[in-house]
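Both complexes below contain chain A, partnered by chain B and then by chain C.
Moving on to the complex of A and B:
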């Protein structure tokens, strides 16, 4: 760009920055449109009648109706969609809480203490990130069956109480290591024990990392499908993910607007959180890759 | 910071217990199960030791060979395309222009939502016979394609779902691009190096650590794809999108063959392990670390 300021430049070259910006914007708008259109189409479709969904590619409904929401909310089961939303929260909220607490405690141990065999333990932690979950699926299922936990929510979040998601522990370790130690050392001088240092000094400072972990775990747990599919058998305990899958099996041929309406509701919490807290997602996803 | 090892060990005790109970034990147990004929509905005591026969059975199992083939096809198509596209868009975005933040949001959003059942359901509707895509094609005079009914196009639909989620890889690339010092480009400008040359001589080498990270994460995730094939195509038609994780699930929870399913999951594990091991081993030949920061060693 600096070269374009050169007065010796002439002809089309002096327009290069403008052309450059034009091409970039054009490309970004085109790609952005293709990226977002399926979502717009989903939201628009939720407010259309079924005939219109099948007859127009535009996303703005010509005669908006809330039939999709009203009928979709009733679902084809004896429960309303509220039950499934509530069930989802009964899984997601405890899962986020235990993930955050256990990950912070374990990360603190790794980041601040000389633990015997730390290098090996850290390698194991990282290995759990790369280990395919399907290799653990069947033995975990049998184990939880022995515990009598089938058709309960416990298998869905009890393991997370033991810092089993290495990615989150790693994120917090990275964040803790980037902090200066003087505050913590001063607190130790003043007579705080290490747990007090963690709760009073470290936790407030690592709040951005804690928020990132909580948000990612929230999103991933909202999306989780395979685990509930395996462990939950009674419909009254289904989370939204299973209820949606069930609804396409039952009513797909006829009532697309109901399904699109419930999909929109299912995505709404994640969409709202994403727009409110985008910064934390960006920081979270890049912390492991770039700082490390 | 602290030297008392016992207190430190106390803090990581949850991880050690969780690792042993929920990772190490199931990991070994699944290998042991893969050597038996355990059935889901029976007590484990009823299972017999069958040696490696589950593994030898795979060689003759045409469903397994089909599944393995489409899994490799899926991974080899999606991972390079997704990385290339994410890098390309990141380079286009890495430019001081108004509204760039808006585009970043738009591109990142699908990878946050993309794993959900709701999106898979929408995808199924987009590719359905009377769905969005066929309506759009009809608008420009192209006849309906039976997207989910033909082997190639069914695979295409689940590949596209993953490509649509290129955003998180892009965000990582973007952070890597921002970390490249601008004076390198200024110096190259003075030397008269073209933009293309600058990309290959400066940008790409300095991005290799980030590329390495993205490559590993994408490979590991792509080999574990489940929701797309399960919800959108049900593995079909003719098992053309019957990815290995779906086969593992069905063998265990639909056909109740825990032994065979465990053996399949070990094959998947070994495949992923080989890919990551080769990547880690090869990184000294192609990953360029500008400065060796020693902040990994602890205090």
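Moving on to the complex of A and C:
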């Protein structure tokens, strides 16, 4: 026994697990704090007055005020922030819905049907995942201009109705491939056609994956700045991302506390949705990736 | 009135240029439980899926209840299937699982409820109806899968290795339940298994498949007593039949004289079509080999190399003297006094012996079985 040979060791070795845990968790908490600090600073900043934001490093406001929220909500335009939040929802909600529907249908096709040239089509799909979005900007803009869709929300979500989000299609395909085929065959024997198999059997079972897709799309679309900037020209149709940017531009002395307050509000829907769906989201992301 | 429940006519199936089912013709009578057995990859599951409609034959015809269903949708064939993996719908309760097919058919709610409850009662599932599949044990899941099949009142039940996911004790129990259910519903069933105990105990008729072809069709005991060829002889019976290469010495109307490495034998045979000098395979089941007493005349002698004691019975592996062939297996009483490397003399029950030609086909039959057909088979 090594410890009996050197009794002096025994003292601190006994505490080794505690020290170990202390070091590990200490490090994790430190890094975690560093990661979350900007977010905390933003929320703290929202309750500071404009002068304090630049004069103090800490995120706890000295004299908390809700001025940022009150003034920020009014915005510098003729519309309140509610208009912009609503506009964002008008883009994001249809976008999420069409993305989910189209991705599931296309993924089902890839996962379960022996379509001629399936391998090539799948390769093509994966190639679009690698294609930078900005490459498409000009051709898409020209196309939508011909359609007369400029300054409408259609260009922002119509493409998603054709399963253009290859990543989501891929994710659902992987998830579907891990499902036992027997279950679907049993449904066929029970009298389902392919569409019923998809809607009544496959969709409920892959719900975690569907929720993950919806959540990803929701968060990414909430944050999207470039597309609305290109296609929307009237201020009354602006989503949150553009509205925030606008308030930086127009006023000479930018009210950063208002911007931080509105950013905090703009962040809320994504956060709330994420925590509501967290259980499914984690399951969906991991079980899609690892088979079995 | 004897419309066959299922009739296959020269059914063939090719996957990617590889023929898996090579022309199978078969009739299943109403109320019969037919078991497909064979080694893995013999096409027994494919054949079942062809009947179910989950695969379409490359050629040939499938009739169910007198109707050509070769290209019909699975749900329009009057068949219901129990899958190996149960294939329950995980997001539905037991009730919804069983009711699903009826809901798709669009039956009124009251009728669905009545039928599901009746099926649940038959299978003792009533107290589980509100549970999800994941809260059930293997045996209960299997019963739900069967319930899902019987609620549709099909012409034919299809079972695809339904018991292979269960542990040994439960398998025995479910086997009895399936047999009882079959008697109760008197439904035509086609059952696929690789477990010959299931095949022997459940079947009215066994179909032995090998490499996409039917090797033999018959009642369990018929196959056991009169295997048509070496493959069936080796496949039916456990442990498998012992075989010894031999040469025909002489042929008389009621016996075939054999020249074995150690001895000369006269095997009683009826209808043997073989010429003297032919190479044949002599077969004898483990239970038809006995130890010869010291003063008795023996046919073979050798050494014990391995003893397996199962309690009720003992399997002894014996290598014959001056032989490099496979050891013979003999089935003895549980208390048989034997030890390893013991020299033993063996006696063969020649009335239960089998004889196969070089191409594997059986030569004649034993006079004991020549006019015997198992009465349970409807011919």
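Brief remarks follow.
To be clear about the criterion, the second predicted complex is superposed on the first by the 254 of 292 C-alpha atoms of A that agree within 3 Å, B and C clash if a C-alpha of one lies under 4 Å from a C-alpha of the other, contacts with A are read in each partner's own complex, and residues count from 1 in each chain.
One rule holds for everything that comes next: a residue touches a chain if its C-beta (ideal position, glycine included) is under 8 Å from a C-beta of that chain, and two chains touch if they have at least 3 such contacts.
Because the structure is a prediction, the values reported are computed rather than measured.
Using the contact criterion defined above for the overlaid structures, shared-chain residue A:278 touches chain B, although it does not reach chain C.
In the superposition on chain A, A:140 contacts chain B only, with no contact to chain C. In the superposition on chain A, contact is made by A:106 with chain B only, not with chain C. Judged by the number of chain A residues each one touches, B leads among chain B and chain C.
When the two complexes are overlaid on their common chain A, residue A:204 makes contact with chain C while staying clear of chain B.
In the overlay built on the shared chain, the residue A:177 is in contact with chain B alone; chain C does not reach it. Legend: residue contacts after superposition of the two complexes on their common chain; A:125 is shown touching chain B, with no touch to chain C. Shared-chain residue A:192: touches chain C; no touch with chain B.
Common to the chain B and chain C contact sets on chain A are residues 185. Interface residues of chain A facing chain B in the complex, by the touch rule stated above, are 2-3, 21, 24-25, 27-28, 31-32, 35-36, 38-39, 41-42, 45, 54-57, 102, 105-106, 108-116, 118, 121, 124-125, 128, 130-143, 159, 161-164, 169, 177-178, 181, 184-185, 194, 219-220, 222-223, 225-226, 230, 240-242, 244-245, 248, 256, 259-260, 262-264, 266-267, 270-271, 274-275, 278, 281-282, 285-286, 288-290, 292.
Within the complex formed with chain C, the chain A residues making contact are 180, 182-183, 185-192, 196, 200-201, 204-205, 207.
Contacts from chain C toward chain A in the complex involve residues 52-54, 73-75, 79-81, 83-91, 100-101, 104-105, 148, 152. For chain B in complex with chain A, the residues that touch the partner chain are 1-5, 7-12, 14-19, 21-23, 25-27, 29-30, 33, 44, 89, 92-93, 95, 97, 103-110, 112-113, 115-119, 121-126, 130, 132, 135-136, 139, 164, 168, 171-172, 175-176, 179, 186, 189, 210, 213-214, 216, 220, 223-224, 226-227, 230-231, 245, 248-249, 252-253, 258, 261-262, 265-266, 268-269, 272, 276, 295-296, 298-299.
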